[in-house]
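Multiple structures follow.
One chain, subunit A, appears in both complexes that follow, with subunit B as partner in the first and subunit C in the second.
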Partner chain A sequence: MLDEIKKKLGAPADLVAETMDNGFTKMEFCFFPSMCDIKQVKDGILVPFSYRFDPDEFKRMLKADVCFIDAPDPEEWVGMLLKGCALIKYEDRVYSFAAIRKMQQQPEDTEVEASLQGPQSAMTEDLDMNTYLIRLRYNVPTLTIEKLEKGDVSKTRLNILYDRDKVDLNSLEELKKRLDTVHTKLLQAAGQLGMLLGNARFSMFPNTIQSERPDRVAQFLQRGKIAILVDGSRFAVAMPVRFFDFMHAMDDDYEPFWMGRVIILFRYIGMLLSMTLPALYIAVASYNPEFVRVQLAFSIDGSRAAVPYPSFVEVFIMLFMIEALIEASIRLPRFVGSTAATVGGLILGQAAQQAGLVSSIMIIVTSVVAISNFVIPNSSFSYSIRAMKYVFVVAAIFYGMVGVIVTMFLIIVYLCHLRSFGQPYLALFLPSDEQSQKKSGA
Partner chain B sequence: MRRILIALSLCLLLSGCGMKDIDKRFYVVTTGIDWSGNPQKPYRISVRLAITSAKVESGSSKTQIVTIDAPSIAEGVRHLKSFVDKELEFGHCRVFILGKELLQNGPPGSMSWFARRRDIQLVSYFAVGDPDALSVLKVQPQSERYPGNALFLTFGKEGTESPYITTTYLFDMVRRHFEMGLDPVLPVIRPKEKTYEVDRVLLMDKKKSRLILTPEETQLYNMTANKATKSEMKMSRGADRVVLTVNYVRSKIDVGQGDIPLVTMKVKIRGFLEESPPDLLEKDWHGLERELGKHFSGQVEELLYKIRDAGVDPYGFGLHYLASYFGGKKDYERWVEAYSKVRFKVVTEVKITGAGVVR
Partner chain C sequence: MNRYFYYHVLYVGMINVMLFVPHILIKERFDGSVAGILASILIGTFLSIVTIVSMRRFPRMGLPEILHRHFAPYVASPLVALAGLSWLVGAVLVIFSLTQTMGAFLNPEMNEYLFMALMVFAAMFAGSRSSRTVQFACEILVLLSLPLVALIMFKAVSNRQLNWDAIRVVAGHFRDLPSIKVIAAATFFFSGYMSLMLFNRLNPPDFKVRHLWTLPLLGTLFSLFTFFIPIGFHGTVAVEEYIYLWSVTADSMVMKFGFIQRVFFIFLVLYSILSLMFAMNTFHSAMEFFKACSPRYKPQPEQVPVPKINWILCACFGLVAFLYGIWANDEKNQRVTEIWLVCRFSLEIVTMLVVASLAVAAGRKPRASSPARAASPGE
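And then the complex of A and B:
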């Protein structure tokens, strides 16, 4: 066995492949120490084989222990080794011992979807840990888990989770169909899978949702959605989604009812502002100044007096700056991140206006756009809104206020047309359990 | 996909020529139209243009006035554009002032210009300038923060709310100009050094101005026709004055049948005494209410007869009359004939809610 493996792997330096002899008998043994949990290997193989050796007991252990799997096929050996199993050959039979080293021993803290008073634990980059976290929160016998592997090179493990009583079978079927068509070499993140599944090239809005919160995934499951956990990613992908799922933060369910509703309302207003405000500024400043009241029109007029370029150039300058600033603060290492914010804040603030490059109203517009974009709880949706803003800007450049209104209308039409795994995207109310049961009964 | 892209890029070519940056526009804040006296070019059009600045403080408003004589308003405005460096913009012109003389010299034939232009708002205010519109335009009120803001606040009920001020919108004026049995009413603005005096109304028929009411009568008109609260009722009682602040006014007009119809106006007023001799209310509460009502009725009746004799109908009695008949031309002719002999009866119900102090 050892020769064969060495031939296939090209005898890498970090492979331990030896024939062990305890005086009574011999055993061929090989594993990657870097990928295995040494303690498990020691307890499971080395100790029973060496100073506690008893031939009968050792044989019994190999046969009965669930950790030892028979591996008669030489083709599988290399794959098993690379996953972190240890292989032994004892009395001409090959067994694999799963002693995979785990990076994560406990749940992490939420980073992307922070919550004030909700659960603070987030999923980890380990699939089994994540499955445990969700089983813990959604502890019902109907929770079904299907295993799958994707990625020609990475062979990433996936778990598909759903509640078999509540799931929409059409969506499940559609998901499986789409999973069959997914072909990629490396599958490294949940977002990547979401993109591959979601037909993203032709969609302006995401039609899968990612979450790092186990409580959120549990809620999705309870609402009949399907979640996919990807090994090595701390996010779960859930589908089918509705427009309104993206605007929902877990805190809404944990805070007093009316306060939560008010916050949701503010969030929608923020989203609308972030999407349309630059376009409205262009429309008001270049086409329809009668749209705002006279006092505001005069202050826009007065503050624009020093600006040499037409309003849309001004908007593009400021939007580019703010996008660059946001992008920079995401990508920069944490140590220099605050420098970017300070420098950017200086430029975007007084200086640009005093230099006569942009009007003071435009600075307000820019900051409102940036801040209200952060209000959106889901980051992939907030990317969508960020991009959508430019559609409005272009419409406003050419058609003014009418353009903005017509674009708004078109986007609503588009959202109505959109389907996420067979479910309407803009459906306001999902049918309650009783209704859907009645429907399926009839 | 490619087809969609081509269609979209073709759409980009469709854009109009409305693009004009806000700082390349000259805002007209007040337009004045006067009678020039020259029959060839009867209209003197003056526009007050806003010069905006980034800093806003009281009295900082700067304006520029441009004037031209023209045979019609449209021609005049077109010509005025060549006098200024930016595009004239009427979108925020909320106040239009017609010269007093213009209204006396017959109806401005091209008045429909206001209603036809798309950038003039139908909610803009109309007023009469006394002695002429230009002198009203020339006033630079000291308190003004934004150019033209003083008049916007005066008529918009955002700032002052006075029972002496009548607000006439363009849409209402157009309606009153064409409606049978309802005549236009315009507030009169008189310039006074650095401020305006707006406390009279001018009543006109379909053709020209007929009557200007005094401030007292203006208040009575506003109370009975426009439900003007924050107004007052006053009465002398011996050596003392009794003044009632009105919180609530409602009036109902009923035009009777018959050859010479009797017009009944029922007015309900509620308010509290703001000034009165001591212990007046306690002595005879209801008596005082009746007395005030009677006094008010008398005043209003007097006003109504005055308006009737001038041959105008700002209340729309004619419209009320027509509404109870078929409303055709014949009915209207009958009304016009009867109107000069119509009798009025005003019934006022006053309710005093208190004396304004805790007893």
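And then the complex of A and C:
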């Protein structure tokens, strides 16, 4: 066995492959110490084989212990080793011992979807840990888990989770169809899978939702959605999604009802502002100053007095600045990040306006756009909204206020047109509808 | 599913402003408009309720399917095409007058055709979606525009400049006999139910429009509001001076607080949304009707991705709208609108007769499960 494995792997330096001899009998033994949990290997193989050796007990252990799996097929050996199993050959039979090293032993803290008073634990980058976290929160016998591997090189493990009583069968079928078409070499993140599944190239809005919160995934499952856990990613991908899912934060469910509704309302207002405000600025400054109150029109025009170019140039300058600033503060190491924010803040603040490059109202517009964009709880959706505002800006450049209105109309129709795994993306469902739908379906 | 029906009733009840209905009514305010409105309340209610009740006999079927089921293709296809054409003309008229209104009030310096291109594109894109999409979009858009409607209504009724005496004077002329034009125009307030001709396809088999009593109520509200408020603002005589009557009326109102001072701009936003919605629905209905001219066509309310034929048909409609825009001016447009209103009125009657008689025929057949249902009022 050892020679064959060495031949296939090219005898890497980190592979331990030895024939062990305890004085009574011999055993071939190989594993990657870097990928295995040494303690488990020691307790499970080395101790019983060396100073506690008893041939009968050892045999019984190999047969009965669920950790030891028969591995007669030489083709499988390398794959098992690479996953972190230890292989032993004892009395001409090969067994694999799963002693995979786990990085995570306990749930992490939420980082992306923070919550004030909700559960603070988030998923980890370990598939089994994540599955545990979800089973813990959604503890019903109907929770179904299907296993899958994707990625030609990475062989990433996936778990598909759904409640088989509540799941929409059409969506499940469509998901499986799409999963069959997914071909990639390296599958490293949940978002990547979401993109591959969701026809992202043709859609301006995300078709799947990612979440790092087990409580959120449990809620999704309870609502009949399907979740996919990807090994090595702390995010679960859930589908089918609706527009409203992206605007929903878990805190809304944990706070008093009306407080939650008010916050949601603010969030929608924020989303609208972040999408349309730059375009409205262009429309009011260059096309329809009469649209707003006279005093406001004057102050907008007054603040633009020193600016030597049309309003849309100004908008593009400032939007570029703010996008660059946001991008920089995400990517930069934390030590440098604050510097970027300070410098950017200085420029976006007084200096640009005093230099006559942009109007002071435009600075307010920019900050409102940035801040209200942060209000959106889901980051992939907030990317979409960030991109959407340029559509509005372009429409406003050519058509002014009418352009903004028509674009709004088109985006609503487009959102209604989208389907996420067969389910409508933007549509209101009232409880009575769902009942009648079920009735007519039955 | 019920609410989807009422969204259509709501926006069709309001879109009349873009089709010069207030202007037509106001022109004859001293000879027959009031009586016409009163008559149209009766006629409109009768037409809509009889049609709706008859449609219950045909679950999940639109007008094309009903016609194809009972008539030979050479009878059914032209009828379906005619219905489609009537929708299409409505769309073209609304797109034209939206372009004119926006051009006149918002961007006077802009090239008219550039403007029209935007509207046509929006209607094309929206109309070519699937029926379900159109219905979802209708819901969202109606819900978004309702606060604006409420605001304008509130502003109008609570306005101190509103002269109730003028309204009373005109209301006193209810004894004069109305012309057919006035009745045709006034029944348009009730035309929302016609959307059932297409969207009945989406309804579940046991679907029943509930709360039918709201239909006359809503229609009456819309008609009285559209007719009397401008009179109250402009006086009994000056009111006939304006073609874009409601735009001018909305401009008579002021909001003391807020970013926007003139209610007129709220009105413009509202009516551009409503017109686009109307254009979307009419383009879509026309498209579906034309597609259904062939008896072999199978309706598919949910189609993703959008098939090419949708794009092609809607592009043709867009072209028609564009050509009409080149040919028409305000005067011609008004005349065409009046003709269209009368044609639409007669088509509605024909539709009602056809659907009701087919429903009765279907009810008489022995295999009909519940004969009690066929005995609907007015048959």
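Throughout what follows, the second predicted complex is superposed on the first by the 432 of 442 C-alpha atoms of A that agree within 3 Å, B and C clash if a C-alpha of one lies under 4 Å from a C-alpha of the other, contacts with A are read in each partner's own complex, and residues count from 1 in each chain.
Here is the rule we go by: contacts are C-beta pairs under 8 Å (C-beta built on N, C-alpha and C of every residue); 3 or more make two chains touch, one makes a residue touch a chain.
Computed from a prediction, not measured in an experiment: that's the story for all the values here.
Asks: According to the stated criteria, A:330 is in contact with first (subunit B), second (subunit C), both, or neither; which is it?
Replies: Once the two structures are laid over each other on A, A:330 reaches no partner at all.
Asks: Under the stated touch criterion, which partner chain does A:140 make contact with: subunit B (first), subunit C (second), both, or neither?
Replies: After superposition on chain A, A:140 lies in contact with neither partner.
Asks: Is the number of subunit A residues in contact higher for subunit B or for subunit C?
Replies: Per-residue touch count on subunit A favours C.
Asks: Using the superposition on chain A described above, determine whether A:305 touches subunit B (first), subunit C (second), both, or neither.
Replies: Touch partner of A:305: subunit B, not subunit C.
Asks: Name the contact category of A:424: first (subunit B only), second (subunit C only), both, or neither.
Replies: After superposition on chain A, A:424 lies in contact with subunit C alone.
Asks: Taking the superposition as given, does A:294 touch the first partner, subunit B, the second, subunit C, both, or neither?
Replies: After superposing on A, A:294 lies in contact with both subunit B and subunit C.
Asks: Kindly classify A:405 by the partners it touches after superposition: subunit B alone (first), subunit C alone (second), both, or neither?
Replies: second
Asks: I'd like to know which partner A:413 touches here: subunit B for first, subunit C for second, both or neither.
Replies: After superposing on A, A:413 lies in contact with subunit C but is clear of subunit B.
Asks: Taking the stated contact definition, name every residue in subunit A that is touched by subunit B in one complex and by subunit C in the other, in rising order.
Replies: 287-288, 290, 294, 398-400
Asks: Name, in rising order, each residue of subunit A that touches subunit C in their complex.
Replies: 287-288, 290-294, 296, 398-403, 405-406, 409-410, 412-414, 416-417, 419, 424, 426-428, 430, 433, 436-437, 439-440
Asks: Going by the contact rule set out above, which residues of subunit A touch subunit B in the complex?
Replies: Touching subunit B from subunit A are residues 284-290, 294-295, 297-307, 310-311, 360, 398-400.
Asks: Within their complex, state which residues of subunit C touch subunit A.
Replies: Of all residues in subunit C, those touching subunit A are 1, 3, 102, 106-107, 110, 114-115, 118-119, 122, 125-126, 129-130, 132-134, 136-137, 139-141, 143-144, 204-206, 258-262, 265, 269, 272-273, 276-277, 280, 304, 306.
Asks: Can you list the subunit B residues touching subunit A in their complex?
Replies: On the subunit B side, the touching residues are 11-12, 14-16, 18-23, 25, 27, 29, 50, 52-56, 89, 91-92, 94, 119, 121, 145-149, 152.
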